[in-house]
Amino acid sequence: MTLGFGLIGTGFMGKTHALAMGSVKAVMGDVPDVRLALLCDTPMAQAEARAAQFGFARATSDWRALVTDPEVDIVSITTPNGLHREMALAALAAGKHVWCEKPMALTLQDAREMAEAAERAGTVTLTGYNYIHNPAFLHAQRLIEGGRIGRPVHFRGWVDEDYQADPDLPWTWRATLADAGLGALGDLGCHLVSFAVGLMGPIESLIADTQVIHETRPLPDGSGLAAVENEDTATALLRFASGAQGSLSASRSAWGRKNRLDFEVHGTKGMIAFAQERMNELQLYVNEGPRSEQGFRTILTAPDHPPFGAFVPAPGHQLGFRDLKVLEARVLLQAIAGGAAPYPAFRDALVFEEVIHGIAQSAREERRVRFA
Amino acid sequence: MTLGFGLIGTGFMGKTHALAMGSVKAVMGDVPDVRLALLCDTPMAQAEARAAQFGFARATSDWRALVTDPEVDIVSITTPNGLHREMALAALAAGKHVWCEKPMALTLQDAREMAEAAERAGTVTLTGYNYIHNPAFLHAQRLIEGGRIGRPVHFRGWVDEDYQADPDLPWTWRATLADAGLGALGDLGCHLVSFAVGLMGPIESLIADTQVIHETRPLPDGSGLAAVENEDTATALLRFASGAQGSLSASRSAWGRKNRLDFEVHGTKGMIAFAQERMNELQLYVNEGPRSEQGFRTILTAPDHPPFGAFVPAPGHQLGFRDLKVLEARVLLQAIAGGAAPYPAFRDALVFEEVIHGIAQSAREERRVRFA
Amino acid sequence: MTLGFGLIGTGFMGKTHALAMGSVKAVMGDVPDVRLALLCDTPMAQAEARAAQFGFARATSDWRALVTDPEVDIVSITTPNGLHREMALAALAAGKHVWCEKPMALTLQDAREMAEAAERAGTVTLTGYNYIHNPAFLHAQRLIEGGRIGRPVHFRGWVDEDYQADPDLPWTWRATLADAGLGALGDLGCHLVSFAVGLMGPIESLIADTQVIHETRPLPDGSGLAAVENEDTATALLRFASGAQGSLSASRSAWGRKNRLDFEVHGTKGMIAFAQERMNELQLYVNEGPRSEQGFRTILTAPDHPPFGAFVPAPGHQLGFRDLKVLEARVLLQAIAGGAAPYPAFRDALVFEEVIHGIAQSAREERRVRFA
Amino acid sequence: MTLGFGLIGTGFMGKTHALAMGSVKAVMGDVPDVRLALLCDTPMAQAEARAAQFGFARATSDWRALVTDPEVDIVSITTPNGLHREMALAALAAGKHVWCEKPMALTLQDAREMAEAAERAGTVTLTGYNYIHNPAFLHAQRLIEGGRIGRPVHFRGWVDEDYQADPDLPWTWRATLADAGLGALGDLGCHLVSFAVGLMGPIESLIADTQVIHETRPLPDGSGLAAVENEDTATALLRFASGAQGSLSASRSAWGRKNRLDFEVHGTKGMIAFAQERMNELQLYVNEGPRSEQGFRTILTAPDHPPFGAFVPAPGHQLGFRDLKVLEARVLLQAIAGGAAPYPAFRDALVFEEVIHGIAQSAREERRVRFA
């Protein structure tokens, strides 16, 4: 089986998708062949340049042509979030498999529509929660499932960057509800929710607070100040369906944090902690053996933590960010080839988006928000 | 001036008070002389043994005799929290200066009564919030006050230990509201509140959630299970009077954490972070200089961070826990000698205790709690 | 320009070469196109399977056919070290560019012969010192060259793994001088030498000591013990041509170290330190600003550290091991396309190999070894 | 039993001795009472001020009077190293127990004379190697002795500070062989030797190199430059009597290092590592359990690591530098009271000083130096 790959968007994530699809078979072996069939960007000159660099057979500046192109089996959507819905619906309507970056959409309503369309289409969908494919994260899940830290009773998570920390940064569309939707929650918070749910199971309810730190920003043309409409930080108190509790906090204005995405899971027999900026390490504490020798151990990911070994057969030789995208691409391809259901498909990612919108709602309405 | 010191209780904190009072003049120089006058413990044999070891002139098993003893100017109260109120009121009534461990009392009402009695007595009071006397903490305060990280806009704090993490630990009085009062909040949370207020100013309101992880514990005599009445964890969303937001979280059931008491303060120009288990280090990130050289710097406390140099004139030669108590004793003695007002006196510590009780109340009543 | 790539060997390094050549154009953009032309492994079935997985056009089990194949412009040699010399000489004789893994050969004599053949051939050669292409390392070099830490006066380096730490590990050919040559020095030490020379300039002389920790190992067939002939550890005291001093130490029997390859450079104004197991971080201390704020800062590599941004345009999104190989492939391709001389070409890598053989010689002869 | 304590010198170390003797009974309990009898400093006014602050009964400006004072049983010598010999010989001749800071003397000959005098006197001597009394270090020793990391086969150690790193620092007597003796080796290196010997046993021989980084320094009066005669750095390759090998390195010009005193011991089953700047932590790696869970564990010192609990009965509440001196004082007092032989007595410390002088000699004479 050879699958034709069509890519819409060639920025940060678009390039990452292209690189992943271009190497996943070579790295992992256990997936169908992929043909880089068609790349879409605007203007056409840029599309052609990117297609040449990334190794695509053809280029287009018309995404509608791409989603219906007969040589395209998989459509990657890596455009600004406000465009996801329309593109995904069109691709699904054309019977394509869809790989869509997170968050799915600006509004929960749009995301729901996408999930419903995916169910109707019956094709394979996957959303871009790459961090949960990290062998370190998978190992944390295995440890918890295996009872290594007992019953998981408490969760804490943080996701922080500093790209909106500077008070002098000019105003952009990113500050608007209409064009950007949520702030830190949409950009960052949803990744943390994917961790929380992946480690602790469904969230039953939450109470939250959000904060706009920089209430206005200077307009780029120097004509004055414009309002920042979406949150710089968000923090939520979580109750999980399991009875466990926890919290999560997100900030896009946290100086010094470049890609913080950290968690700790407290269990009745031990604790697991992880920090994305050291993504090849896992911290484990277990209450066993002499107390004088107990301590958090720093586990370096290795071939002992599959599927690490597909990249490097030696421990301590790190994986990087684009390796996570290769693992994500593999999930998609294996699902298309008839393997396990992809996770998180649109219906799964909808749960994450319900949570981030629930956090915003709880803060806005000052009340507990419950999930079905 | 020579001040007579009377100590009630010789456990963990009692010994620490004795050691601090026995060395504060030698270490710091800038305080009155202290005479270790009278030590109280029960039974009398133990009081006498401890007095001999710690270097006290006399011993007693009657705390009422101690608080009225004419040779005693300062009374230290390091007994179980349920006894603080009665002892403090008696000592204040006798015109003594009072050094009392935290939390002040089991209930907020008792703490208020103590603060009022202190106002009436007009003597010097101090509560045992030793961590805020750490040169690293004082330096963090100076950096913030000096604008080094801009306007402080967000706070996060955690205080965790694992002394109640083991599900098989027998039930004790510590699990009861009547004898122990609050759980993790009283033991640990109040320290974290002293950090939050010390770095960010007054808390305006909060929403919180608490959790009993181990709902019952085995009775020591094997006769069955008894209920745990107070919280294992507590987490609160904070709003500060300054407009800043933040959160704090406390757990006494966090495996692997031995004395975690960590904070991070997000500012508009930088960030400061601290971890008590590495109490001689401060993390500072400032948005200045070439971006390619920016990073969190690990500052080792040193004579450049007064009053560190009184202990060791060389950087990198660490302070320990009992050094913090020496610094706390110094605050008390200097206030008695007519120096700056002690902090936190009973009236100051009452604020911290209002917060921890407010957290418990918010969780119980599921609503936002506001402070005057 | 499209260059035909031929790969000999498909193990750990072979796969890494294939992945790098398969993605370097897509990642970096600034290199010629590469066609994965021919792959060689044995037996033929394995060569065909690997060619299919890695995306090579053809497969062969005859390396001599590969090095003379008209569609092959670049030959990668990733076979066991004892085979490098013969293959490299044949490829160079056929006028091919050669990418060869380190160490170049089992003996210094063989490595010299290879370097001389490369000079005669006039084609481009590159050896597999991937760690010096890390943006963190390149930034360290730039900082030093720019005088950021003053005059570099002292170097320390360590390279440790634990693949030979277990006393019960069976004996293999790796323990023999005839088949493996040097021990820890050949496998690991040469990487560290590439750091030392890259940061401090040429080494003038050294004194060293080596150690065989496990003098015998059990034969796999259970028939007894066989001798370990090459070193488990090696440590050398270095004098650089610049007048600086330093040391380096290598071990293949250091439990817990998975890919330690660390250095620190002491300068007259500051210090730089690096640890490969955290390859996206650089530690920098500079004696500037208030002493109370000085500390080692942890710099996370980012687009501010070119060419990081070609992989990820966001800071804190890490590079991994195979990204280093992409950067190495780029050096080779740019040199072939007429860009800067590749480093380290055979003649450059010969210097590193002279040092590791010099360390072995110094230990053996118990005397200082000097380099031209 | 009450022992009279006499202190000569009230600088960094003098104050530390006073604080230790003033609190050791209160902290540990298991030692004789100590009376702070007599303090010596110059001029007399300073001696009196320090005696008042530290709690000594009397003061003198005449050290000869102190060493023969009938109320003095123990003499602490904390004066500049060049004065140790004369004072120690006088105190020993007067039948006193002697607590002397390290290094013992400027020359090995002087140190030998002191050790011989101590043997003749038959009183108790102790040298100021406080770091080996750290519960973390003692635990490392216990782990090694108990076989926890198998046979110790390799040692690495580093001791670094930056007090001579600044090229612009004025010249002082510390730069002279006559007044200061060794440089980094005497100030710092001897501590590291106490670690090496304490963990690995006797050193059989070594080869070393030393370096003067700043060959001249400006005279304080601005009249020109004067030569630096003693080493800024020293590095040695060690062979232990056990057959193990290793290395140690010392620098007084290592920017950013404030009190680095780190070691790692490689064993056949695991590794132990320690860093003095985090003196309440010990790193342990053991090859046991599933490989996927192996990692260095960070052990926080606690009451499980005696005698930690005498200071604080709770884990994670750190010890500081002056606590190490209390533990050192305890060793002295228990020996005087008839307990175990003190370590390191003069005869034991002589071994450390032989090593540092051996390192200087090896570097000077460019040859291997062997020890009896």
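As written, the chain order gives the labels A, B, C and D, with residue 1 at the start of each chain.
The working rule: a contact is a pair of C-beta atoms (placed from the backbone, for glycine too) under 8 Å apart; a residue touches a chain by one contact, two chains touch by 3 or more.
Per UniProt, the chains are A, B, C, D = Gfo/Idh/MocA family oxidoreductase.
If you're wondering where the values come from, they're calculated on a predicted model, not measured in any experiment.
Engineer: Could you tell me which pair, A-B or B-C, is linked by more C-beta pairs in contact?
Structural biologist: Between A-B and B-C, contacts are more numerous in A-B.
Engineer: As a test of understanding: of all chains, whose mean C-alpha position lies farthest from that of chain D?
Structural biologist: When every chain centre is compared against chain D, the largest gap points to A.
Engineer: Are the two sides of the chain C and chain D contact the same residues or different ones, given that same means over half of the numbers occur on both copies?
Structural biologist: Homomeric contact, same residues on both sides for the most part.
Engineer: Starting from the mean Cα coordinates of chain A and chain C, work out the distance between those two points in Å.
Structural biologist: 34
Engineer: Can you work out the whole-Å distance between the CA centroids of chain A and chain B?
Structural biologist: Centres of chain A and chain B (C-alpha means) sit 41 Å apart.
Engineer: Approximately how many whole Å separate the CA-defined centres of chain B and chain C?
Structural biologist: Chain centroid spacing, chain B to chain C, equals 53 Å.
Engineer: Which positions in chain C are in touch with at least two other chains?
Structural biologist: Expected reply: 257, 294-296, 300, 302.
Engineer: Mind listing the chain C positions that touch chain B in their complex?
Structural biologist: Its residues touching chain B are 139, 143, 148, 282, 284, 290-300, 302, 304-305.
Engineer: Touching chain D in the complex: which residues of chain B?
Structural biologist: Residues in contact with chain D: 11-12, 15-16, 18-19, 22-23, 25-27, 29, 53-55, 161, 257-260, 276-280, 300, 302, 311-323.
Engineer: Applying the document's contact rule, which stretches of chain C touch chain D when the two form their complex?
Structural biologist: 149-150, 153-154, 156, 158, 165-167, 207-209, 211, 213-214, 233, 235, 237, 239, 245-247, 249, 251, 253-257, 266-271, 285-287, 294-296, 366, 368
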